[in-house]
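Heads up, the thing below is written out as C-alpha cells.
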Amino acid sequence: MNEAAVHAIIDDIGALLLFSMILILAADQIYRAIYAVAAQSLLIAVAAGVLAMATGNADLWVIAGVTLVVKAILLPWVLHRVVQRMNVRREVEPVIPVVTTLAFAVTIVVMSFHLSASLGSVRQVITGNALPVGIALTLLGVLVMASRKKALTQMVGLFASENGIFFTAMAVTKGMPLIIEIGVILDVILAALVMAILVLRVRSTVDADIADLDRLRG
Amino acid sequence: MDVDPHLSLIAACYGAGALSSLLARWSGRLALGVGHFAALAGAVAGLCVSLGVLLGPPGRALTQTLPDLFPFARLSLAVDGLSAYFLLVISVVAIAASVYGPAYLRAHSPDAGPARQATQVLGLNVFLGAMVFLCCAGDALTFLLCWEGMTLASYVLIVSDDRDGENARAGLLYMVMAHGGTALLLVAFLALTERAGAFDFASLRAAAGELDGTTRGTLFFLALGGFATKAGVVPLHVWLPRAHPAAPSHISALMSGVMLKVAIYGILRFAFDLLAPVAGPLPPAWGWTVLTLGTTSAVLGVLYALQQHDLKRLLAFHSVENIGIILIGVGLAMIAWRRDEAGAALATVALSAALLHTVNHAAFKGLLFLGAGSVLCRTHLRNMEELGGLARRMPWTAGLFLLGAIAISALPPLNGFVSEWLTFQALLGGASRFRGPAGLGVVFSAAMLALTGGLAAACFVKAFGVTFLGRPRTPHAEQATEAPPSMIAGMVWLGAVCVALGVAPGYAMRLLDAPTAELLHGPGASAVLTARGPLVLSAAAGADATALSMPVLAALLVALAAMAWIVRRGWRRAPLRSVPTWTCGMSPTARFDYTATAFAKPLRLVFAVLYRPRRNVIRDSAGTPYVAQRIRYTGEVVDLAETQIYQRVQNAITALSRTLRARSTGRIHAYIAFVLAALLVTLLIFGVGPR
Amino acid sequence: MVEMSENLLWILPLVPTVAALLMLTVRDRRVLSALDIGGSTVLVVLAFTLAGAVAADGPRALGVFRIDELGLVFLLLLAVLTFAVSIYTVGWARQAVAVGNMKAESLRFYFALVHAFVATMVVTVLADNLGVLWIAMEGTTITSAVLVGFHGHHHGLEAAWKYIIVTTIGISFGLFGTVLVYSAAADAMGDAGTMSWSAIMQVAPALDPGIVRIGFLFVMVGYGTKAGLAPMHLWLPDAHSQAPTPVSALLSGILIKCALLGIMRFQTIAAAACGPEFATKVLLVFGITSVVVATPFILAQRDVKRLLGYHSVEHVGIIALGLGFGGSVGTYGALLHVVNHGVTKALAFFAAGAAISRFDTRDMRAIRGLLAVAPITATLLMLAALSLAGVPPFSIFVSELLVLRAGIGGGHWVALALFLTMVVIIFAGLLHHAGAMVFGEPTAAARREPEAWSPLAAMLLLAVIMLVLGLTIPGRVDALLRRATEIVVG
Amino acid sequence: MTGERPFALVLFEMSFLVLLGPLVTGGIQKIKARLQFRQGAGVLQPYRDLAKLFRKGTVQADTTSGLFHSIPVFVLAATVAAGALIPVFRGGPPVVPLGDALLLLGLLALARFLTAVGALDAGGAFGGMGASREMTVAPLVEPVLMMVVFSTAVVAGTTELGTLAAHRGESWLLAWRAADLLGFAAMLVLLPAETGRIPVDNPDTHLELTMLHEGMLLEHSGPGLGCMMLASHTRQVVTLGLVAALFLPAAPMVAGSALGLLLGGAAFAAKILVLALYLALVESSYAKLRLFRVPQYLAVGFVCALTALALRIL
C-alpha cells in the first residue's frame, strides 16, 4: 500500500493510542486501566503489522507478535493476578484531582506537537505523527505514575509510556534492529517481575501499598 | 638556572623528620626526639640558605625545577630576596620550636600514645616544610599545594593536641575559613594562569602585564581577601584566637609567629611582584585598603586582647594587632611607591619597617607563646586568674616572658620599638609628603598606632603581672616548678634575637636590602636607613634626617642603671627587712591581689562601645537584703565581628537548610513529578530550536 | 595479541556472569568470598591487559562491543572498585551474618546478584551499540534494585521501589532519546539506520540538529536521572543509604558514572550535530543545579549514608560542570573527577559502614569518638572526608582545580561564584559532621573489638590510590585521559 | 642657625635636668602653698626627702620576686636617659645622634611599664589599682602627645627635639600660627596628665583610692622609693622640657659658648618656671576628676591636637 495510506493509518492509530491514554488517565478502576493499556498494546501490535506490510520488513512482524503476546496479554495478565492476589480496593486513588491531571495532559499533548513541529526534514523518517504522539504518550504515562497512588497504577503508567516509545521506534523507517527490540522487551518483563515481587513483599511484611511509603525523606 | 643542592637538603631534613614519625611504632619518645632534631636541622639549613641569598651578590636567585608531578603544570622553586627573607623568619622561629618541642610534648601530655606522638612529629615537619617551600615556590601550583598543606598540617596539629570538643570546633572554624580564603586565592591564581597558559611566576608576571585596570584590581582584592583570611585581619580574624591557643604551644608559636607572615609574603608577592603595573605606581585603592585594614586590625586586635584572661588567647589576639602594624607599613609602602627617587625612598622606609616588624613579631611572639607553654605544661592552666606568683617559682620563664612583653609593647631598647619607630617615621614622612586628606589619614593611623602601643603595654602589664607576680591563686600555681632546660634554651634563643635586633638593628638592615631592592626597584634598605653607618638608623636618606642610635642608647641605659644601682645601694649597706604586704592591717591572702578582670575593667568601661560588655552579679543574701553572704560576678565582652557577622550568617544558613530538609517530601509521586517537570522545562527551554 | 584482546571484549562480561552462576551453587561463606575475590581479580587482570592493548594500538571493536579510551577509564575504575568491594565484603559478610543482618542461606544470592550487577555494568561500559547500552543500563537498575531491597525491611523495600520506578522512567526517556537519535541517523544514512555509536559518529555532523537536540535532552534527563543529577536525584539518597554498604560503594562509586558515560556518548553526537555549546550549556545548568540543591541537605543531614548520597549528587554535579565548562581542560578534569570521586566515595562508604556497624546506628548524632574505638578507620574516614571536601594532597583537589580552570578560562563567573560558595559551605558541613563522628568521647554502646583485616585492606588500597592521584598524575593515566578527552571533545 | 650639640653637652644637660627635677617639684609645691595662703615647705624640701630616703633601710613585702628589688633602678635609668634627649641650653641636633621625641616617649613609657609591673609584684590591692589606672590613662595620653609632636614635626620634617627647638628658634608668640596655638593648648591639657597632677592624678595623697602614680609606689621604701621619687621628679621636668622644646622660643644666640650657655640656661629656667606656675595654678584651682571623666578631659586635648595637625597638613 502507498505512503499516504500508511501515514493515514498510522495517524489514526496514533489518535486511538492517545484516546486510550486518556482513558487510562481518567480510569476510576484499576481493571479499566489495565484493560486500556492492554488495548493500547494491541493497537501497537496492529501498527507494527501495518508498517510491516508497508515496508515489507520481516522483523516488524516478529515485533508485532512479541508485542501482542507480551504486552497485550502477558503483562496485563500478570497485573490482573497481582490485583487479585492482594485483594486491594479496586478504585484508583488520585494524588491530584483527575480534572487537573487531564488539564496537564492537554498541555503536554499540545507541547509535544508544538515541539515536533519545530523539526525539519527528519520528519519524513518517522511516519506521520508518530513522533509527537510518541512523545505525548511517553510523558502522559509518566504523568499517570506521578498522579496515581497505587503501585499498580504506576506500573500501568510505566507500560503505557513504554508503548509510546515503541510506537515511535517502529514508526522510524524500517524500525529498530530486532535484537534491540527483543532486549528491550525482555528488560521490561524483568522490571515488571521485580516490581511485582516488591509490591507483594511489602504487602506481606507491612500491610501497606509500597507506593505510599514515604518514611525516607530529606 | 642553577639547580641548587641546599634546597634539596632542607627538603631532605623535613622529609626525614616526617618519616621519623614511623619510629613511634617502636618508641614514641624516640620519634619525638628524631623528628624534632630533623626539624631543627632543616631550620638551620634554611637559615644558612636564606643568609646565603640575602648576603650574597644581589640579584642572584636560587632556582630548582621539581619533578613533573602534574602534566598541566611544571613545578619549580625560586628563592629570590623576598623568599629568602621569609625563609629566614620561618627558620628563626622553627629553631626555637624544634628545640622546645620534645620536652614540652612530654611534659604537657605524658600519657600521649605513640599514634598521637607520630601525628605530632609528622604534622610539625609537614607544617614547616610546607611553609618553607611555600615561600620558595616558583609557580602557582607549588604555592597552592604548599598553602593547603600548611593549613592541613596545622589543622591536624590542632585537633591532635587534645581530644576534647573544643579543639575540634576550633579546628573546624579554622579549616573552613582557611578553605574560603583558598577559594579566593584559587580564582586569583587561576585567572592569571589561564591568561598565561602556564603556572610559573615569570609567565604570570608577563600575563599580568596585559591586564586592564579593573581586572587587575579585582584579582588583587581577591588575593588580598584570601591572604587576609590567613593573616587574621579584622574582620576575618575570628578563627585565629580560637585556633592558635588550641595548638600545642610551640605550634602556636609557629602559627602566630610565622604562618601569618606567610600571608604577608603572599600579599607582597602579589602586590609588588606579580600584579604590579609595569610602569607607574600601584593603584591608590590597594594601598589605602591595606592601610585601613591594618589600622583597624591593630586597634581592635589589642582592644580585644586586653579583655582576654586566657593567656594564649590573649597572645593570639595580639597577633591580630601586630599583623595590623605590619600591614600599616605595607599599605604605606604601596601608597608611596613611585618609580622616582623620593617615592622609592619613602616606600623603602615603610617596607623596611614592615619587614623588620615581621621578623621582630616572629621573635617576640614566639618567645611569649613558648613562655605561656612553659606555664601551661607546669600548671596545666591557661586562665591567668588561676595563676600568679610564678616569678618566684619559674624565674627563667618569668624573665624571658618579661623580655618578650617589653618587646611586644614597643618599648626601648628592644626590637619592637625599633620597627614601630620606623613605622612612625614612615608615616610622618608620608604625612609631610602627601599633604591634604591623604596626609591627615596617614597621621591618623599614626595616632592609632600610638594608641595601640599604649594599650599593648597595659595589656602586658596585666598579663605578666597577674600571671607571674603576686601570690599563687591555686594549688597548681603553688606547686609549679621551672621548665626543663631544653625549653628554656628554646626561649633563650628567641630572647637573644629580640635583644640583638633591638640593640643593633643597623646590622639587620643589610638583610632587608635584597627584598626591598627587588620589590621597589629602589636603592635598598641599608642605603636609606643606615646611610650614617650601621650604628645609626636614619628615617630618610638625607644627612639631617631624624636618627636613632640604639647601641648608644643601650650603652647609656646600662651606664645609668649601674650608677643608679650604686646610688641605691648607698654608702653603707642599709638593712633589708621582709614583711607582709600592707593590706590595711588584715593578713594578706591571694584574694587581695588585683585580678586580670579588675585590671582591665577601667579600659573596658572606656571602650564599652566596642566591647558591648555583659555583666551579671549574683548576690545571695541570707534572707535579709542587708547581709550579702556571697556575691558572684561574671562579665564577658563580645567580639563584634563574630556576633554581628559570622553568627548571623551561620544561623541563617543552618535555619534555611533545616527548614528545607524538614519540608522535603518522601513521596515517590513527588520524585516522578520532579523528573517529568525537569524534562518538560528542559524541552521548552532548550528543545525548541530555530525554525 | 590483537585478536586476543578483541576476544577480551566478550570474555570480560562473561567473567562476572560465570562467577555469579557458580555462586548460586555453593552455600559456604568462605567459598563464596573466595569466588568473589577470584572473580574480581580475574576481572582486574583482564581489564588491565585490555588497557595495555588499547594503549598499544588503538580502540578495539567486536560486534556490539567496542572499547576505546573513554570506556577504558570507566572500565578500569569499575574493575578496581569491584576488587576493593570483594575484599571488603569478606569481613563485612562475616560481621553481617554474625549480627544477623543477613541470613546465611541467602548469602549466595547476594553474592550472585552483586556479580550480575557488575556484569551489567561491564556491558554498559563496553557497549558500542546505543541500544545495548540502554539494555545494560536497565539491567543494572533491575539487579541493583533487588540488592537495594535485599535486607527486606520496609525501608529497604521502599528505597528499592523508588529506585526502580524513578530510574526506569528516566531510562525509558533515555530509550526515547536513543530512538530519536537513531531516527536522525537513519535519516542521514538513507535507508539503513544504525545504532552503533562509532558509526553514528561518522555521520554525526550530517544529522538533523532539531531532532538530535530533542533526543539529547531526553537522554540528558533520562540518564541524568540514573546519574543522580538534580532535580531528578531524589531517589539517590534513599537507595544509596538503604543498600548494603558494599553495594552503596558500587552504586555511588561507579554506577552513576556509567550513566554519565552514556550521557557523554550522546554529548559527542550532539556536539557534532548541533554545535558544542548546546550540549555544554545543558550540562552546565544541570551541574550547577545539582551542586546548589545538594548543599542544604548535606548541612542538615543526620544519616551518615544519606550524607554521602547527597555528596554523590554534588560531585556528579561537579563532573557535569566540568563537561559543561567544556574544552579539553574541563573534560579532562571531569574524567579525572570521575575516577577520583569513584575511589574516594567508595572509601568513604567503607569507612562509614565500619563506623555504623560499630555504633549500630546511622544517626551521626549518636556516633562519637570513633578515633578512640577504631583509630585506623577513623583516620581513613577523616581523610576521605577531607578529600571529598577538596583538600590537597588528595585526589579530588586536583580534578576540582582543573574544573575551576576550565570555568575561569571560559569566563563562567556566575557559575563559578555559585560553585565556590557552595563548595565552601559543603566543606564546612562535611567537616563538621566528620569531626563530630571522629573526635570526642565514644558512647558506651560502641563496639571496641579490634578492626578486622579485610575492610582495612580494602580501605587502605583505595586510600593509597586517592593519595597517589592527589600527589601526581602518572604518565600512562595522563595519556589515557588525554585520548579520552579527545574522544569527547573531538 | 645653631651648630650641633657635642656629646659632652648632652650628658651635661641630662645631669642638669636630673638635678633640677626636685627643685621644680619643690617650686610647684611652694607656689601652690602660697596660692592657698600657706607658708609651705621650702623649695629644697624634695632634696631633703631624697637624702633621707637614700639613708634609710629597706622594708620589702615578702611575696615579691627578685624583680622587685631592681625595678627602681631601671625606672630611674630609663627616665634619666629620656632626659638626655631634651635640648636645654641650645637647640640643634646632637653630634652623636641618640634619638628623638618618639624615643623620649618610649623611654617614659618604659619607666611607666616597669613601675606598673613593680606595683603588681607585691600583691595586695593598692598596687594593682594604681597600676590599672595608670595603664588606663597612659594609652589615652600617648596618642595625643604623639599628634602634638607630629603637628610641629611635619613642618620641621623631623622629630629630633634639638632640631625642632632650633627650628622653633627665637620666634615669639607673634610668629605663631593657629596650629601652634592649638597644639600648645593640647599640650597644656595633657601636661597635668603626663606629670601626674590634678585634675588627673593627685601626687599628694597616698591612701586615698583616687591615686594613680603614688599607689604604685606604695610597697617601695628607702633607697628604692628614693629612686622612684627622683625618677618622677625627673619625669616631670623632662615633660616640661619637651613642651619648652616644642613650643617655647629658644634663647637668642650670642657669640661665646660660655655666655651662650648661660643665656640658654636662664631662658630654659624661665620657661620651666612659667610652666611650673601654670601647673600650680591648675592644681590649686581645679578638683580631681573622677577616673571615668578623664577620657572626656583628654578628648579636649585630642581634638585640639587633631585640629592643629589638620591645619598643618591640609
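Read from first to last, the chains carry the letters A, B, C and D; within each, the first residue is number 1.
FYI, contacts are C-beta pairs under 8 Å (C-beta built on N, C-alpha and C of every residue); 3 or more make two chains touch, one makes a residue touch a chain.
For clarity, every value in this text was computed on a predicted model and none was experimentally measured.
*Asks:* Which neighbours do chain B and chain C have in common?
*Replies:* A
*Asks:* Using the touch rule from the top, point out the two chains with the most contacting C-beta pairs.
*Replies:* Going pair by pair, the biggest contact count turns up for B-D.
*Asks:* Identify the chain whose mean C-alpha position lies nearest to the mean of all protein C-alpha atoms shown.
*Replies:* Measuring from the global C-alpha mean, the nearest chain centre belongs to B.
*Asks:* Could you work out how far the Cα centre of chain B sits from that of chain D, in whole Å?
*Replies:* Averaging C-alpha atoms per chain gives centres 35 Å apart.
*Asks:* Just how far, in Å, is the C-alpha centre of chain C from the one of chain A?
*Replies:* 31
*Asks:* So how far apart, in whole Å, are chain C and chain D when each is placed at the average of its C-alpha atoms?
*Replies:* 78
*Asks:* Distance between chain A and chain B based on Cα centroids, please, to the nearest Å.
*Replies:* Roughly 69 Å separates the two chain centres.
*Asks:* Show the residues in chain B shared as contacts by 2 or more other chains, in ascending order.
*Replies:* Only 661, 664, 666, 668, 672, 675, 679, 683, 687, 689 qualify.
*Asks:* At which residue positions does chain A touch at least two other chains?
*Replies:* Residues 115, 118, 142, 145, 154, 211, 213-216, 218 of chain A touch two or more partner chains.
*Asks:* Sort out which chains touch which and give me every pair.
*Replies:* Going through each pair of chains, those in contact are A-B, A-C, B-C, B-D.
*Asks:* For the complex, which residues does chain B have touching chain A?
*Replies:* Spelled out, the residues of chain B in touch with chain A are 661-662, 664-669, 672-673, 675-676, 679-680, 683-684, 687-689, 691.
*Asks:* Name, in rising order, each residue of chain B that touches chain C in their complex.
*Replies:* 69-72, 115, 144-145, 148-149, 151-152, 159, 163-165, 167-168, 171-172, 175-176, 179-180, 183, 186-187, 190-191, 193-194, 653-654, 656-658, 660-661, 664, 666, 668, 670-672, 674-675, 677-679, 682-683, 686-687, 689
*Asks:* Flag every residue of chain C that touches chain B in the complex, lowest number first.
*Replies:* 161-162, 165-166, 169-170, 173, 209-210, 213-214, 217-218, 220-221, 224-225, 231-232, 234-235, 238, 274, 278, 281-282, 295-297, 299-301, 329, 369, 371-372, 375, 386, 389, 391-393, 397-398, 401-402, 404-405, 408-409, 416, 420, 423-425, 427-428, 431-432, 435-436, 439-441, 471-473, 475, 478, 482
*Asks:* Using the touch definition up top, name the residues of chain A that touch chain B in the complex.
*Replies:* Touch residues, chain A against chain B: 95, 108, 111, 114-115, 118, 139, 142-143, 145-149, 154, 211, 213-218.
*Asks:* Write out the stretch or stretches of chain D touching chain B in their complex.
*Replies:* 54-63, 65-67, 70, 72-74, 76-78, 80-81, 84, 93, 96-100, 102-103, 106-107, 109-110, 112-113, 116-117, 119-129, 131-133, 135-136, 138-147, 150, 153-154, 157-160, 163, 218-219, 222-224, 226-227, 291-292, 295, 306, 309-310, 313-314
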